[in-house]
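Below are two complexes that have chain A in common, paired first with chain B and then with chain C.
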Partner chain A sequence: MKSYWWKILGLLLLLYSIIMGLLGPVPALPIVHETIRNVYFHVPMWFTMFTLYVISVVCSVKYLSSGNPKDDIIAVESVNVGIIFCAFGLISGMLWANFTWGDPWPNDPQLNGSAIATLMYLAYLVLRNALEEEQKRARISAIYNIFAFPIMIVLMYILPKTTDSLHPGAGGNSGFGEFDLDGMMKVVLYPASLGWILVGIWIMTLRFRIRKLEYQNDTAAS
Partner chain B sequence: MNVLKEVRSLIRKDLILEWRSKYAINSILLYVVSTVFVCYQAFKSVDPTTWNALFWIILLFASVNAINKSFVQESHHRQLYYYTLASPKAVILSKIVYNMLVMLLLAAIAFLVYSIIFHNPLADPLLYLCAVVLGSMGFASVFTMVAGISAKAGNSSTLMAVLSFPIVIPLLLVLIKLSKNALDGLARSASYDELIVLLAINIVTIAISLLLFPYLWRD
Partner chain C sequence: MKKAILSLLLVISGLMCSFAQSNNGVEMATGLRSSGKIYVVVLVLVVLFLGLAIYLFTIDSKIKRLENQNKK
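Up next is the complex of A and B:
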């Protein structure tokens, strides 16, 4: 119970967010109507992706100073899981955009920025495949990961805010807080985000443990 | 002080090496001029937005090709020798400065040839030139570090493109916006944000390169 309470908490929060997200009260707004419930599923994907990328870059920094292969495995598995969450964020966003903006891929800086940031993390995985030697691969990909992280911040969080975007809170659009006057959406959105972050970290640790076992087998066999 | 001296002598070494063979600089200049000419033959006349985008795309590909070689033109053993003489920070800094000089020359010639062949009225030439200078310096600082990374990974040009294009896109977007402002002759005050963002990107990439390169060069 000591070590896995947060996994149970994550699952309970997800259960709560699915039930409350589909059945709970939402503000009646023009254009978006009931699709506003997608906030509970679309936004947490990006929070989770960001958390995993932060874990990845922290582990890359740790790897450069310690040289411990464990840090490298955590870094790459965080990116692997983060890319999956990014894909879900894009898919749920495209579904939503199709209903509210009339087009699954409108020319919006936030969409393009996140797509390019995904390309960058895919390039990180390609770079890892290009390198054979284990320690060299870990070190060089850690360097690329750290180099790419501030660019990801610029692409996803700074450029869309300074230019005109269809997303709330950018280019003169009102932010999320103005739709949600009495705070009834925050009660679902924040627990949902926390739940998805916990589940994302859980998936990452599972993949990390599998990779660690493989690594130990390889070193024991050779 | 010591690092500055090392940087200066390393840049001098790069310049002398290049001056002796003149191979890299001539081939890349020829590359730029022929690309401009191919584009001219294909398009004949274009509207200002395309003119601007085309110029930056030509410069982007030219700079990838120019900087790609910066860590592999000398033999592995000679590089080891440099590392025993100079600190890794001096090595990366000298490479960045040298690549900036190359890029400034390249951009100046590309811009000259491009604007002679493709006639297009510039409303604010000074601001456009400013964008070209800042842009070529930004390309140099981003691509030098990525060239260092891809040189360690076997240096295929595909890898260089895959690694550097997503990273350079924010820089490219800001540059295209700034130079479009200059092309349309908007008031200077409308472009201050872009200038500050460009300067910030340059400073941040150079700072990160300085921090990370000491981990990269070791084998």
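Up next is the complex of A and C:
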């Protein structure tokens, strides 16, 4: 029970976000109308992806100093689950954009940046599969991961903010906080983000534990 | 077998028709039917989500069992 509390907390936060996200009050805005509620589900995907990538890069750094294969497994499984959340974010964003911006993929810098960042992380997984020797694979992919992480931040969070983007908070657009004056959306968005982050980490630990079992079985067999 | 399935389908469609007729023109004021029936969507999402949550927990316990087996 002791180790389960944060999993239950994550699920309860998500349950709250589903109920309050659909029934709670939202600002009435032109064009987006009720789809403003997508903020509660689309944005946490990216927060979760970002958290998982942070865990991954921290574990990659740890691996380079410790050489412990456990750190390497956490790094790769974080990227695996992070890419899933990135795909969810892209798909939900494309659906939303189709009905509010009129195009699933308007050449928005934020969209293109996140697409390139996704390809970079897919390349990380391909790189891992291309190398056979275990220690070499772990070390080279850890270094690649450490380089990919700052580029991902620049592509997704810095460059889009400096140019004109359809996303809030970029170019001449108002940021999220400007139309959410009384904070009625924050009370759902922040718990929803925390809930998704906790559940994302949970899924990552599940994959990590399976991978560890496989690793133990492999080393025991050989 | 075929006959049984066919008769079952007939019974189901008959039941659905009778329900549809009895509902005609009757506005129920229960909570689940108010406000554009959005509560039904909320309910469906909550049920789906709870199912997924329980599924995650069963996977978690299954891995735990494997880990305990491996330790021995």
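The criterion applied here is as follows: the second predicted complex is superposed on the first by the 222 of 222 C-alpha atoms of A that agree within 3 Å, B and C clash if a C-alpha of one lies under 4 Å from a C-alpha of the other, contacts with A are read in each partner's own complex, and residues count from 1 in each chain.
Keep in mind that, in the parts below, a contact is a pair of C-beta atoms (placed from the backbone, for glycine too) under 8 Å apart; a residue touches a chain by one contact, two chains touch by 3 or more.
All of these numbers come straight from a predicted model, not from anything done at the bench.
Judged by the touch definition given at the top, the superposed model places A:L11 against chain C, while chain B stays out of reach. Contact with neither chain B nor chain C is seen for A:I91 once the two complexes are overlaid on the shared chain.
By the document's definition of touching, of the two partners only chain B reaches A:L159; chain C does not.
Of the two partner chains placed around the shared chain by superposition, chain C is the only one that A:L213 touches, whereas chain B remains out of contact. Touch criterion met: A:I116 reaches chain B, while chain C stays clear of it.
A simple residue count on chain A separates chain B from chain C, and the partner touching more is B. In the superposition on chain A, contact is made by A:F147 with chain B only, not with chain C.
Of the two partner chains placed around the shared chain by superposition, chain B is the only one that A:L127 touches, whereas chain C remains out of contact. Shared-chain residue A:L29: touches no atom of chain B or chain C. Once both structures are placed on chain A, no chain A residue is touched by chain B and, in the other complex, by chain C. Interface residues of chain A, counted against chain B in their complex, comprise 64, 116-117, 119-120, 123, 126-127, 130-131, 136, 139-140, 142-144, 146-148, 150-151, 154-155, 159, 162.
Interface residues of chain B, counted against chain A in their complex, comprise 145-146, 149, 152-154, 156, 159, 162-163, 165-167, 169-170, 173-174, 193, 201, 204, 208-209, 212, 215-216, 219. Residue ranges on chain C touching chain A, taken from their complex, read 38-39, 41-42, 45-46, 49-50, 53, 56-57, 59-60, 63, 66-67, 70. For chain A in complex with chain C, the touching residues are 7, 11, 14-15, 18-19, 22-23, 199, 202-203, 206, 209-210, 213, 216-217.
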